[in-house]
């Protein structure tokens, strides 16, 4: 997997559990930070209502994480993010978290998001301009057919 | 201090820090649970916009906690809540957290909340009916003058 | 899916995001509460070091969630938990979260945990007595071969 | 108040409550980030057991926050931190959080920490070298008598 986007966080004192390692739920927070920064890098920002200023209403329908190692208090972590594919109304983030100090992989994650019609809350086709934008950034075709 | 309201929580795995004790910020969450349940006990509930269905817009302007002991993973804690005083547009929660198993005190907290005009966001006099309601529940006079 | 274990939580004010719904990472916390209570129901409890008093060292290696609906502030949620399968050194929790008020499904989750040798941190065969215990509770065979 | 230490955070999507503002408990997390970075700036770092590598065992005995304004999703915040005073076995952090974009003050906080004997967990006199270190950084006398 190749990633064109990276952002960095530091594990904080309140993200550790009683085994001295990052609590498993906090990685979903790190992955979301990665997704927000990926989007910011494309030129968008979050509005006060929690949506981006691209006019879309996008919700997470699936998240999964494979934990590969332990991250400890105060460690710096690189969060790598890419778009893996785009279907008619959904797209998929693939992500990886590594330790800054030595590149040890901590976890791999995947999130599937769906584009909704802001009024009906029903899935809506992703506009061509957003597909082009993501494909340009990733440097390859991302669109796949829904029955793939 | 005498308390007429109590609610109980259990310390969860993700609320512990690397010293094996509840992280200091999580007590503010427990105190808020106590305040919400106190209000629920008076017959109100929270709406989707985060405000109670009493029509008021109330915000926290001060919180303080004195940590008296350590709470550990999986322990059950009693959160005691009372209204200590009511001024013109503000009122004060006094709270105490104890271990269920032996009554050991874990912390004492205080929160001051201000009633705002929902349109102007400026402090607004608390209506008499709410004062009576709180005084009835606490069984004593709570209203004090602002320059006290 | 049939579930023999259920526990209930209430969505708290600090678990909501700016879209007014439970933040996607908080469901992993709810799922963990479900797992801890499942284990408590079998007679175990968590020690101060974050491990259960069954002498095992178990870590989460995979979590996934499918979000099926939105949970809102102050709603009560039922967390259903069962063991889906047991392999040589790993086992799988299957879980479902529903609204108490009407049974609307909010999300489905899955977690795979691995039993480690506490000294070497290498995967270790799960003892027969624990398998029997889980199978007795679930009322069916859970053990499957690793290459299934 | 003059501050010689500053660190910056960005408000994250999971730190917002249903009123669209940072939840009041999350400021304690920001304040702790400020304190950790203050200490790092003096040359120390946190060990896996949650203590700093200065050999001290220090615990928080008091926290208070005065909320002065609302911070919104995605805003960058400057956290200013200073030591206000040092007594025999305790010392006090004074802190302020401002918006990066315009310097609007969001809140002011105070934390009192106590130095414990790591074996007895009883308060222990803070060694002269640590006092000198903090006074040198702050550029003034910090030590006050306990009965002040």
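Order of writing sets the labels: A, B, C and D. Residues in every chain begin at 1.
Here is the rule we use: a residue touches a chain if its C-beta (ideal position, glycine included) is under 8 Å from a C-beta of that chain, and two chains touch if they have at least 3 such contacts.
Everything numeric in this text was worked out from a predicted model, so none of it was measured.
Here B-C and A-B were compared by C-beta pairs in contact; the pair with more is B-C.
Averaging C-alpha coordinates per chain and comparing to chain B, the farthest chain turns out to be A. Each chain gets one centre point, the mean of its Cα atoms, and the points for chain A and chain B are 36 Å apart. Centres computed as Cα averages put chain B at a distance of 31 Å from chain C. The residues of chain C that reach two or more other chains are 13-14, 16-18, 20, 25-26, 29, 32, 48-50, 73, listed in rising order. Listing the residues of chain A that touch chain B in their complex gives 13-14, 16-18, 20, 23, 25-26, 73. Of all residues in chain C, only 12-14, 16, 20, 29, 32-33, 36, 45-50, 72-74 touch chain B in the complex they form. Put simply, chain C touches chain A in their complex at residues 17-19, 24-26, 28-29, 32, 48-51, 59-67.
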